Each structure stands twice: as structure tokens, then as C-alpha cells.
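Labels run A, B, C, D, E, F, G and H following the written order; every chain starts at residue 1.
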Amino acid sequence: MGEIDEFTGSPLVRPDFGREERKGMPEVILAESKSIEQAMSIAQHHLAENERAILSRVSPGLAARLRQMAGSEIELEWYEHARAAVLRRPAGRPKPTGGRVGLISAGTSDIPIAEEAMLMAREMGCEVYPVYDVGVAGLHRLFKPLEHLLTKVDVDVIIVAAGMDGALPSVVSGLVPVPVIGLPISVGYGLGGKGIAALYGMLQTCSPGLAVVNIDNGIGAGAIAGMIANRAARFRMVRED
Amino acid sequence: MGEIDEFTGSPLVRPDFGREERKGMPEVILAESKSIEQAMSIAQHHLAENERAILSRVSPGLAARLRQMAGSEIELEWYEHARAAVLRRPAGRPKPTGGRVGLISAGTSDIPIAEEAMLMAREMGCEVYPVYDVGVAGLHRLFKPLEHLLTKVDVDVIIVAAGMDGALPSVVSGLVPVPVIGLPISVGYGLGGKGIAALYGMLQTCSPGLAVVNIDNGIGAGAIAGMIANRAARFRMVRED
Amino acid sequence: MGEIDEFTGSPLVRPDFGREERKGMPEVILAESKSIEQAMSIAQHHLAENERAILSRVSPGLAARLRQMAGSEIELEWYEHARAAVLRRPAGRPKPTGGRVGLISAGTSDIPIAEEAMLMAREMGCEVYPVYDVGVAGLHRLFKPLEHLLTKVDVDVIIVAAGMDGALPSVVSGLVPVPVIGLPISVGYGLGGKGIAALYGMLQTCSPGLAVVNIDNGIGAGAIAGMIANRAARFRMVRED
Amino acid sequence: MGEIDEFTGSPLVRPDFGREERKGMPEVILAESKSIEQAMSIAQHHLAENERAILSRVSPGLAARLRQMAGSEIELEWYEHARAAVLRRPAGRPKPTGGRVGLISAGTSDIPIAEEAMLMAREMGCEVYPVYDVGVAGLHRLFKPLEHLLTKVDVDVIIVAAGMDGALPSVVSGLVPVPVIGLPISVGYGLGGKGIAALYGMLQTCSPGLAVVNIDNGIGAGAIAGMIANRAARFRMVRED
Amino acid sequence: MGEIDEFTGSPLVRPDFGREERKGMPEVILAESKSIEQAMSIAQHHLAENERAILSRVSPGLAARLRQMAGSEIELEWYEHARAAVLRRPAGRPKPTGGRVGLISAGTSDIPIAEEAMLMAREMGCEVYPVYDVGVAGLHRLFKPLEHLLTKVDVDVIIVAAGMDGALPSVVSGLVPVPVIGLPISVGYGLGGKGIAALYGMLQTCSPGLAVVNIDNGIGAGAIAGMIANRAARFRMVRED
Amino acid sequence: MGEIDEFTGSPLVRPDFGREERKGMPEVILAESKSIEQAMSIAQHHLAENERAILSRVSPGLAARLRQMAGSEIELEWYEHARAAVLRRPAGRPKPTGGRVGLISAGTSDIPIAEEAMLMAREMGCEVYPVYDVGVAGLHRLFKPLEHLLTKVDVDVIIVAAGMDGALPSVVSGLVPVPVIGLPISVGYGLGGKGIAALYGMLQTCSPGLAVVNIDNGIGAGAIAGMIANRAARFRMVRED
Amino acid sequence: MGEIDEFTGSPLVRPDFGREERKGMPEVILAESKSIEQAMSIAQHHLAENERAILSRVSPGLAARLRQMAGSEIELEWYEHARAAVLRRPAGRPKPTGGRVGLISAGTSDIPIAEEAMLMAREMGCEVYPVYDVGVAGLHRLFKPLEHLLTKVDVDVIIVAAGMDGALPSVVSGLVPVPVIGLPISVGYGLGGKGIAALYGMLQTCSPGLAVVNIDNGIGAGAIAGMIANRAARFRMVRED
Amino acid sequence: MGEIDEFTGSPLVRPDFGREERKGMPEVILAESKSIEQAMSIAQHHLAENERAILSRVSPGLAARLRQMAGSEIELEWYEHARAAVLRRPAGRPKPTGGRVGLISAGTSDIPIAEEAMLMAREMGCEVYPVYDVGVAGLHRLFKPLEHLLTKVDVDVIIVAAGMDGALPSVVSGLVPVPVIGLPISVGYGLGGKGIAALYGMLQTCSPGLAVVNIDNGIGAGAIAGMIANRAARFRMVRED
């Protein structure tokens, strides 16, 4: 991508360098709509500016290039299910905030997007506690891990990812005393498929205390959960000093 | 409603008298789209033909008229929540089939339509076992009555009525060894409201063994559940003789 | 509403008395789908059980009855725009949690639903800080009150209510370091009307840190914002002791 | 698919081994969203656990691998139209229940999904009686086979698969005294295409006694039909002893 | 309605007097969106111009006024089900064309709109042959009247009106050698209700030879059927001379 | 409407007094969602501030009150079809800009909304030239008035209002060398009714040079047309001096 | 495709040999969903049975095979735009009926589907008179060819194909005294794209005398137009004898 | 594409040579639905007729061919982001009109379509002033360039391109005294994705003075903006003489 419009000389990109400071969260490069060269160039730009570059929906070709780039100075963290990457220099490690994010997925197909949420919350300094594959078709699998999240970990917020009927977030929200973020996943076919039934069901929940992000918006779910957890942790940390 | 087209002399109504015998289920007069006089006239027609008339969505005015009609020979059964009525002569009582239908509703707003399903299954000769107000926002209320239905009653089929997120049928279907009929209810507002989210969620269920009828189609849910239960009861009855 | 099914003897309502303790939030009686007598009866039940009854979408007739009920022992708090009421005995006052909820509305038509959110968060013990009528068609009205919320009040979370184009939550989320809850409002006609465009726009936000509830779900927005604020306040309060 | 989350050490899959016993139906591996290696590994897992593995929507490459696996001890049953497979050891044969499932399809394009329903019902121990290609555009083809199903076979339930206008299930349901399961198929283009018109039409049926599953959900149609037939057969079998 | 814009002096209405001659069909005054005075005034205008005025969706108040207007010179023809009226002077009788239109309705709720179609075709000079209440839930009622239409009457075209599942037009089109016009009716509730499923099903028909008009467009169905029949009759009439 | 939130003391309304100057267009009070007292109070506020108050969708009761208010000092301009009103003092007359707006409607049902557009453009100082009732079902009525608009008046922009099939804006845009604003109207029933087909058709136009506003947004159509015409007129006026 | 179900021995295909005689129209083999071998086998079957085989949506590979098949005895007629083929022996030529079908397309993208309609009507024995590329963005191109169709050819029916705004069928229907069949085409992107706006607009037409088929259903448009024309021609032919 | 229908001898294409003169805008060849040979042939036709050919959505293969065609006499202007081309002879340069079009995009993904709008307005003789990548998630980037457009350039109209939440056009329209054309872009996934939320939001704008074109219709946005600017420039130019 050139950076100057050839017809008028206007700039094509206006970076928002103040964003991380203003919002407390990093930008994520959505790699799937860019060429390998574009993604590499933007990643290097982020590395130079922030000591860190985060890329989601990475193709195998780009993944290979990122692996070449990693080395003694630059560390590569690779999320296999999400196909997402974090490149960083030592100064690019997020400072632990003490925020605690629970992450529950209804089925194994939800894991790639759930992992995007985990990545985002971790890069905001939170600890993330995943519990995968506990769908409503066999609810007994849910109760024990959920109790662990609430009483042992004492999470600040829980993200619940679910596709198809999207019933799990309502069930969880009915049981817990912390905010729940519903993350609908684009699995399922036919009427209500591609996450539509899941999103509608979460919006229609009869369990107050649940808010949602859009279908497959793992980054967005991690971002708001990270903000919620970090808000709580800010005061907890101070107290614990 | 006149019975002959005045311009051409053709009949306006062609009754399907063979239906009850062919299908094993009575016709229900949907009163809400008819005048009181029309509904009364059709009801009398059914009484004369079948010793029984069933009316759904009855207005207060029509209800008053039906009450006047009841007396020594004609009995009136009134479903308050559904605002439905059965008028019958002694010969119009359905012969008990031994079919057993469980009926679960997620919230109190679902009761009027659930009661339509109860009425229909009862008029097909089944016994109906209702469990109301056990929504997913407090799942602990579900488990005990459900166990009762399965082990004490040994139901042949369960109808689960739910509006809003419509999550309960999937939860129930994941737990039981009998067919489940999902009955979406038109409660809820906003996106996915009026039963849409509930219907979509039931169609997208991850718990096989669940089939659905349309939103608010309580009569239809009772009809198929009655057929399922009566099929099982036919052989059970014979055996028990 | 009778409490026992007349045909089978089953209960019609299964109250969830453990909910307030389990979730930390009160139940709200949606009055619009009930008769005055039903609403009064349920309200008295809540008063007896919890020292408090909350009613939303109250008709003028019911409001008159509630006013009669208020007196020396029972206090009536009336939300004029939302047409919502809180009846309480002295013991029914929510214990202040120290949670701080910002509440921004885009236009004056959004105020009734925004007020529902205010009511819910206040009944969960939070302090609510409203800023009304700051739509995107004149953005200069937004900046000063927003800075006040962030630096003077130091809110834990901001609810942003908006109908029509629903652009305000994205604008606010781009500017603040706390979680934002988008509350779409059913104003607007034509394509995307009744809150659809607002909800879609919030789901499509390019400002991470925003989650949404359904159209006109003011109670739901207040509930999750209250939970977020109370989670933060729990640790702040302890620290400040 | 790895089985442990590399970041937190949590398990990625929580199998529901009690499901077959609880529900009386086997799990089906949806192969189309998995790599050949993943599908093979899960299939072997099922074979070890249940003496049987069922795979739907199998690619040619996977089919070749499955054929290699079959041999003296492991039998491969291949459904050509559905592209589905059953691998089993002798102990993995379903015990015949005596359940009888009729299966009618409106056109030849409906056969692949209809065959999924057949597979599922057969693996639940039912006998399945297919009647293919009897669409409403030439109704005379329907009557004779339907009479055979009803009087000679005496089926417990009929699945009717139809795409495009989806009119056949209503026609069949109007004629038979057993429950009908509508299975909409994603054929047809333009408005109402991809099975939408078929599903809507089945939900709007004027023939009570019909319930539906989602578009192309052959497994789901077979599952509920199998449960209905097995419920009836349970009592018939006992009687016939 | 005034006839001159008061601000600019421009005319508000530009009548299309050449239309009847150009198209061979009369205009119909849709009364439901007009005041009684407006409708009366337009009707008198039509009477003066064409010796005939046709009004559809007439309120009881307007009907009373029209009855007063009828007398020795002006005849009133009243369609009770459609609530439509034709006022005419002797010269306003349509000249019989010899066109023959079959008209089939699936249920009694379809009759009001079906009657609009009858009215329109009759006012275009056709003979109309109605067959009412022959829905697919009891197909045996269809065959005999249909054979009569085809062999005794030898109709030029058949209009088939149906709501809910809208299956009847496809069934009829599969059986007849003349063009079929599908007329979807806005009966039915829930998903696909208000005629949507019926319209989608007719568009998706697997029986070529069927074209459709919009939901409840009885006038439009009568208009195209009348044109088809009159085209055939033009040559038949000449031949028979 | 109170102007201070009673719970927090925050203002409820934040007027945007700079808007008329900033945008060159007046605000319009949408009266239909306000009580008569509220509308009167806001209107007086506008009169005091701007010497002019514009009210749309005025009820008969409010109209009566507005008529009482008019007198020697305050003039009332009443748009009968739109049911809209302008109250003004002599200083509140818009200064003629010389902008020229053509306004074409397809049918008489489109006139109320078209008149809203006329009102808005006139209050921005433009001259408006309406041509009503020239739908595509009789195109010959269009050509002569259109030629007049283009050659005699030399309009700067044309608004074309149309409901149902919404074909007229495309036809007009194909013929004229000035920008066209499509204004879809909510007439028509069935699929694509309430202005949906009209809006979709205008968005899909094959005649470049056409942009649209939302269904029934007459004020919006007048606003952008007024801006276009005034931009042209600004330079024309100067030139003509 | 095998012809016997391997599991049950039931037939997979039930040909409807009486259809051509019953309906007066040939079947068309939709080749795009079949393998080359399947399509060839079915085509040979039709050739043997009817002396003619018609294939639509033919791939280049299949086209090559069909060309090899043509020879001295079997003639191949190839429709380049539609990619459709007719194979026939001398006895397979349709007998001319004298039916006359006008065929108008709005743009060049509509030609492939329009050609399918032409093929179908010609194979039903009609003469087809195409007028292509006369969209509403330049209406002057329409009038002369239309007059030719009406006065010189004297067509019995006109098919009008249009995508995008779909305005042309309404314009044509407003001008002609014969039935018009609207054929919406799936061109256009964005909202209302893929033929949706075109179909909605035709359903909402303000020009009575227009009926529609589904998007891209060229075969269906040709079928009903052919039936209309043949009905008229039947009597004209007799007369002209 | 042949130019004569082989079956009937009718022409396939009816060019509208008067269009550029009638409307003041050139035609654009949408290359993506054409073969390279077809596109080249049509381009040469345009070059011969108008000294200029404009092609949008050009494939790499076609781009290579166009580059070969360029030379001493024929100049090639290439828009890299839009993948659009202008071929012209010296006489094909548009005469500068003095029209001034502002062009703002919310994100970098909007640039390809924004560039189509730029191309179109430039080919109509306007000067275009782009400001890219100023989305609402960091509004401070907007104010300075916007002030430049308004006060330094004094633009006649502003096009605002935005995908996802589509909030920017409303924000801009609230701030500027010139007409704004909203151009929704098909970026974004999940509910409201592919430009739907953006389009809905623009239609629902609370900032009058905004009209829209369809999703991704860059050519259409440039066309109407060019017409608006050229109308203003016509009088400005004259004045400045």
C-alpha cells in the first residue's frame, strides 16, 4: 500500500499513535485482507513504534515469514487455533495488571475465535482462564469448572463463546455474580446459521448481566473483558500493595 | 359466512368430515378471526357432527355466549390462560389412549400457548403432565421435575415451550431419552423478538432429538406430541391388556 | 394469575428466591403485560419478600394505585420518563457499593430507556451520572461533559444510549479508557428504523471496548454496567477503608 | 487438534461419554470441517470406545483412507449419495429395535440428505423404508407407495424431505395417521432458495401432525424419527414376545 | 383532496383517461386509504366518465352511502366477502368477452381476496368459475372440481389463492394444461406468516406454468388472468361467429 | 418535558443553537411523538429564538392550538397534505436564495411526504416547482412537465418521490442533466411493501446521478436538495448582481 | 446416479412420463448440478423417450461431449448466451403452434436468462420475438420496438427481463394490452442486489397485468408465456383454417 | 459477445450514444463480468466514439493488455487501489468545470471504492480533494483536514466513504454547510456486515443534508457529486469570467 495518493498528493494512512495510551489496548493487524508484503511492512512499523506487533487471521505463507523474523531479539508467540501471532521485543511484554478473565466455549469449533479473545486479554495484561467444550447438550460438564472459576480463581468477568443455538451464555449468566460477555460464533448452517441464532439468543437472554459483541469478534470480546478486568484489578492491585 | 357464492352458486365451504378418522385428531376453530355469530354457528355444527366443539383464542364476548350454551347436556371446559373452550356432549369425551405427554414451559408468559398444546393432546386422549416456569436463568428449578417426568411418569414425548432466547428445549433435549418438541413463543422485543430467536435457536440445537413447530403454534405442538404418544400407547395398551 | 394449574394441580410459578443473592441484582416486574391487579399482587409479594418492588413500563392506572399504596412505611420512587416505580420499606434501600456508572444519551427520545438503565444501576447500589442529548449531529456538546465523567467522577463504565444511526457509542468508545455498554433505542422509521441501524452499527463498531444489549433493554444495560462497576468498587471500597 | 491448551494447560475437548446411553443415539463425526488426520484420529477413538464410528460429509480423500482401514475385523458401510460412512467391529452393530421409519423425498436432489436421515435411524436400530422422487408436480406417483407404507409396513413415523416449494410434507401430513417430520433441503435459487421456502412452508403447514428440523439436518431428522419409532417399538416388541 | 397545490398552483392529480382503452381493464378505487367524502367524489367522477365505478376495501360507513346512491338509474353490485362495490349505469356493464377464468382457493380465509380477483376478471368481461376451500390438508376435495373446470368449462387460466404453506398452486399447476396465476394470501402467523411462506413457495414451485402476483393482490391476479383469458377468447369468439 | 433530571440534577436537553448558522437549515419539530403541551412549549421556544417554528406531523388537536396562536404578529402557514405548520414573525421569513428545486411525485399517495420536502426547501429560501401524479403506469404524463422544469425553470436539482415499485426516479434520472434525489414512500403492501421495494430500486438504479434518503424522510430530501440548490444559487445570485 | 437404493432396494428415480402430454411442455435437464456422465446418460434417456433432450447451464466440458454426439441423425441446437442445448432427432421438432411471445430485456447482462425463456417457449412451439438492451436509463430506445411487437407481430404475451432496479416491466406493462411476465435477473450488488430489488419492484408494480416468476427462472418464464400464447393460438389456428 | 441474435436476427446491444450529452457524464465499463476480449472490444468502441474509455474492476490480465494498448497516441491513467483505468486520446481529456469535490474515507479499506468515486468526478471535469483514514475511533484526525476542505478549498460537496458502523458521514454532515453523499463500503463481518450497518446508519442519520448511494457504488457517488459540483461551478465559472 502506497502512502501518498498519486493524483492529489494526500496521505493514504493517518496512524492513531495515541490510541494505546488513550484506550489501554493494543491495535491488532487483521492480516487476512492484506498481502504478505503489506502485513510484514505494517508489523515492522508496529514493532518499531510499540516493541510489539499483533496479527490475526494469518495465512500459512505469512506465518512462515513471521517465523523467519523471530530470533534472538524478537520473540514470536503463535496461537495455533486462532492462527494469530505476537511478535515482540523484550520491552513489548504487557505489564501484568492482575485482571482475571474467564473464557468458556460451548464446542471445539468455537476455540479459534475464543483464542483470539484470550490473546487480546493477555496482551492487555490479564490472566485468562479457559474452559473449553462444555456445551448445553451435556450440561454436567459445565458445573465443576465453573465453580472453580468463581471460587478458586475469582474471575472479574467471563467470556462465553457459542455458535449454533448459543444457549450457553444465558445458562452461565444465570449462575454467576460477575459480568458475562457473549461471543457468538459463526458455526451452524440452515436458518439461523453462521452465528445468527447464537447472536439473537444472546440479545434475547432472560439472564440480565450479559452483553454481546458481534459474531466472530474475538478481539472485541477480549478487549471489553480486558477493560472490565483491568478496571477491577487497578483497585485490587493498589489494595494488595 | 354464507355457504353459497352469490355470483356463481358455488359452495364456499367444503368440510373435511373424514379428517378426524383419517388423522386421529379433532379440528380446532380459531375464533379470533370470526364474528361471535360465525363462531357460534360453526361450533354448533361441530357439536352436531362430532359431539364436541373446540375453540381457541376466544374473546370475552364469545366466552359469555359459550357459557350460556353450557348446561345439563352440554359441558363447557374452559382454559383460562389459553382462553380456549371445549363444548361437549357426554359422547364427545375423548377415549383415553394412555399416551403420556410432558409439557415444560420456560416462563409464565409461555403458559397461554403451552395450555393450547395441553388442550390438543388431552382432546386426542393423552394424559398431559405440565411443569411451568423453569427457565434457564435458574436451572436448578428444572432438574427435579424433569426427573419426575422421566422416571415416575415415564412420558412418551416432551413439549418444551420457550420464548426470548429459547434455550430450554436444547437443555432438556440434551438430558432426556424421549423425543422433544420445541414450541417457540412470541415473547421478547428488539432483534430476535416475537419468538424469532427462540425458533432459530431450536432449529440450531446441538442436541439431536428435537423437532419444532412454528411460533405460538400450541395446537400444532399438541397435535404431533399427541400422535407420538398415541403411537407408543397403542402398543403399550395392547400389551397391558 | 392463579398459582396452580386447574387441570393437573401443578404449580404455575416457580419463584427464584435465590437470584438476588446469586447474581447481586434485583428482579424487575415488567408491568406492561400484566393487569393492574396482577401487578399489584406481584409487587406486594416482592415487598414482603425483599422489602422492595421494582416495576417498569407502568400504566397511568397502575401508577395511581401505586401512589395510594405509598405512605409512612412504604416509600415510592417514581421515574417519570421511564414510567417506572420503586416501592420500598426502609430496609429495602440498596446499600451503596461505590460503583460509578456514566450514562450518555444521544437524543431526548432516548431518555425513557436510559432512565431504566439508571434505575437498575442505582438499585444495585451504584451512583449514576447522566449526560443527556449529546448526539453526533453537534459533537461539540459531547466533549466537556465526557471529560467531566472521566476525570472528575472517574466512572467505572459508561452506558451510551442511541437510536437512529447509533453512531454515538462508537464515538465515545474511541475516546475513553473504560468499558462502554451500547444501548440501542427503538427510534427512527424506514429502513433500519426501530433501533435496527443503531444495534447493527454498535455491533460493527471500529472502536474495541464496546459491548451491546438488545434494543430498548435499559434494564439489561443497567444490570451489566452495575455488575462491572460493583466489581471495581468492591476492591476500591476495601482499599479505601 | 491438540488436546491441551498450550497457554494455560486446560483441556481442549471434554468428551460426553455418557451421551449414547443417556439419549439412545450415537454421535456422528461431521468430517467436512476437519482435516483427514483429525477425522481419522477421532474415528479411531470412537471405534475404540463404542466399536463403531459414524462419519458424515466425507471427502474423497478421507473415503480412500477409510476404505484402507476396513478389513477382516472392521467393516465399512458406505452411503454413496450422502457420502457418509460407518466403520464398525462386529460388536458395533446396532441392536434391532423394531422401530419402523418411512422416508419420502420429493426430488432426486433431496436424496443425499435423506440418506443421512436413513443412516441415523438405522444406526439407532430402526428399519427404514425409503420412497424417493415423488414430488407434488406429479402427485399420482405418491399415492401407491404411501399406502404401502401405511398398510403393509405400518410405519411409526414418516420423514418427508423436500426443497424448493417444500409442499410435499404438508400433502403427506394431510393423509396419514402417524407423526411426520419435515426435512427441508437446500435446493432452489432466487427468493426463498436454499431451502428457506421449504422450511417456511413446513412451519406454516395447515396439516397438524408435522414438526420440522433445520434445512439439510438429515442427522437431526433421523434422530428424532428414530426416537419416535423406538418409543413405539419398545412396547410393541415386549408385546410381541 | 384539493386539486391544485395551494403554494404553486400546480395540479395535484393527473388522471390517465386513456388507460382503460390502452390496457382493456378498468381502474379500481382503493377506498381504505380515503375518507368517505373523497371516495364518494372519486366514484362519481368515474361514473360520469365511464358509466361505472369500482371500489375495493369499502368501510361499513362508505357502504351505507353507496347503498343510498344506488337506485333506478344506478345499480350497485356488492361483494360481501371482499367488501367491494361496483356502481354502474346500464351503459357501464362490461361486454362479455367469452374469457373463462377458474378460481380456486385453499381455505375460507382466502375468499375475500379471491373475490377481488373474481370482481376484476368479471369487470373485464370474463366468466369466473370459483372453487373454494380445497386445501392440501385434504386433497381428495380438489380432484373432482378441478376436472370439471378443465373438461366441462375448459377454462383459459386458473387463479389459485392460498395462504399459510401456499402449497396448492404448485399442486394444481402440476395437474393442468393451462396457465396458473398464484395469489398468496396474508393468513398465517409466526415465521413465514402473513403470506410470506405462501409467496416464497409459489416462486420456488417445481411445477412450471405458474406465475405470481404479490400477497393479497387480488385485483392484480384478476387483471392478468382476465388479460390471458380475453386474449384466448378474442380468437375463439371470432371463430365461433 | 422537565429540563433537569430529578435524580442527578443534570440537564435533559442541550439545544444546538449554532446549528442553523452552521448548516444553513432550520430545525423541524417532529410533533407526532410529543404531547400538545410539549410541542407548544418547544414551538414558542423556537419562535423566541429564531422568529420561526416549524412543526411536522401535527395532530388535529395541536393544529387547533396553533391556529389560536396565529394572529397579527405571528403568521401561520399550514401544509394540509403534510399536516405541517410554520409559525413565524415577520423577521422569520427565509431570505430567498434563488435556489430552484423540482419536485415530482409518482402518485397522489406520495403528496404528503413530498410536501414535507417542499416545506423544508422553501424554508431554506428555495423556490419549489411541484409536478404531482406522473407515475410510470402512464409515462406520457411525465414528459411535458419534465421538459418545462428543465428548460423553462432550469431547476438545480429534482426530488422524485415514489412508493410501490419506485421506478420513477430511475426513469427521471435517465433523462435529466441535474442531480436527482430519490424519496421512497411507504405505500404498498405485501413483499417489498411500505417503501422497501421503492428504496431498494432507487439504490439499484441503472441511471447514475441519483442519491436517496430514507423512506418517508421528506424533511431530509428537502434539506439536501435545498443545500444543492443553494450552493448553485450562491454563485448565480452573485453573478446576476 | 444408481437407480436402486442399495440398502432397501427401492427405486431412486420415478420418471413422470405423462408430464409432457399432461402439461404441454417438455422437461429441461438442469445440467449444472450433475456430472458430465450423469447429464449425458439422462439426455440419452430423454432422446430415446421423446426424440429430444433439452439441457440448461451446460459446462464447456459437457458442451464438447454434446457436440460429439450430434451428427447426421441427431441435431444440436446451441444457445451461446444461455449455454443451453437441444439435441433432437427429426421427430423431436416441436410442432409450430402459432403462439407469439415477445421478449424484452433491460440490459445485456439479462440476455443469458432471457435466452433460456426463448428456448423454452420455442420448444413449446411458439415463435419468439426478442428486443434486447432497452433499459429505463434511456427509454427512447424502447418505444419503436415495442410498437413493432404490438402492431406488426401482434404478440400474445410479453416477457420482460430486468435486473438491478427492475423498472422496465412496470413501464412496459403500463403501455401494452397483453399480459406481461416479469423475469427478475440476479445482476446488481449491495442492498437489493442479486435480483431482489427487481423482484420486489415487479411484485409492487402499479401497472396491473403483470405477474412474475422467481429470479433467474428463465425456463419458468418461457413456460408460462408459452402456455398463454398457445392457449390464444389454439383458437386462432382453428379460426384461420 | 455477438451483436445479432442468431435465432431471430435481432440486435443484442442498443448503444445509448446520446447519454453523455444528455447527462453530462461518461459511461463506465464494468470489466469484472466480461472476458478480456469483450472488455478490449468495448473499450476500443468507446475510444473510437468518445476518444476515451473508462474501465472499472480490471483484472491483472486485462490490465496487462491495456498497458500494451497505451502508447504515443493513447494515454493510460491507472488507479491502483480501485484497479480502474482510463484510456484516452488527447481529445478525450475532460474539460475542467471548476467543480470541487471533497472525498473523505473512514478507513484504508474504503480507499478502493473511494478512488472509483474520485475517478468518476474527475472524468466529469471536477477537481477532487481526498482525505483518507479519518475514522470515528480517533475523531481528532478529522477536524483539521475538514476545516481545510471547507475554508481553503471551499468544496461544493463532500463524499464520505465508510464501512463497518458507517458513523463518519453523520458526524461530517453535522459539521458542514455543503451537501454530503454517503458511500457505504462492504467491509465488516457478522450481523450488519458487508456494508449493511453502514448503509442503514446513513439512511437513519440525524444530520439532515446527507443522501446515500448503494454499498460499494463508488461510480454512483462520484456521478452525483460531480453533478452537484458542476451545477455550482457552472455559475461560478461564468461569474469569474
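Simple rule for what comes next: contacts are C-beta pairs under 8 Å (C-beta built on N, C-alpha and C of every residue); 3 or more make two chains touch, one makes a residue touch a chain.
Remember, predicted model here, so these are calculated numbers, not experimental data.
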Compare the CA centroid of subunit B with every other chain's and tell me the farthest one.
H
Most remote chain, CA-based centroid, reference being subunit D:
F
Since subunit A and subunit D are copies that touch, is their contact same (over half of the numbers shared) or different (under half)?
different
Inter-centroid spacing, subunit G versus subunit E (mean Cα positions, whole Å):
28
Taking the mean of the CA coordinates per chain, how far is subunit E from subunit F in Å?
37
Distance from the mean Cα position of subunit H to that of subunit B, given in whole angstrom:
59
Which whole number of Å gives the spacing of the CA centres of subunit B and subunit F?
52
Two or more other chains in contact with one residue: find those residues in subunit A.
137-138, 174-175, 190-193, 196, 199, 203-205, 214, 217
Chains touch one another in the pairs A-B, A-C, A-D, A-H, B-C, B-D, B-E, C-F, C-H, D-E, D-G, E-F, E-G, F-G, F-H, G-H
Listed in rising order, the residues of subunit E that touch subunit B in the complex are 79-80, 108-109, 111, 118, 122, 128-134, 137-138, 141, 189-193
Touching subunit G in the complex, subunit E uses residues 22-25, 120, 156-157, 174-181, 199, 203-205, 208-214, 217, 219-221, 223-224, 227-228, 231-236, 238-239
Subunit F contact footprint on subunit E (complex, rising order):
1-2, 5-8, 10-14, 16, 18-19, 33, 184, 186, 195-196, 199, 214-217
Subunit H contacts subunit C in the complex at 106-107, 135-139, 164-167, 170-171, 173-175, 188, 190-193, 196-207
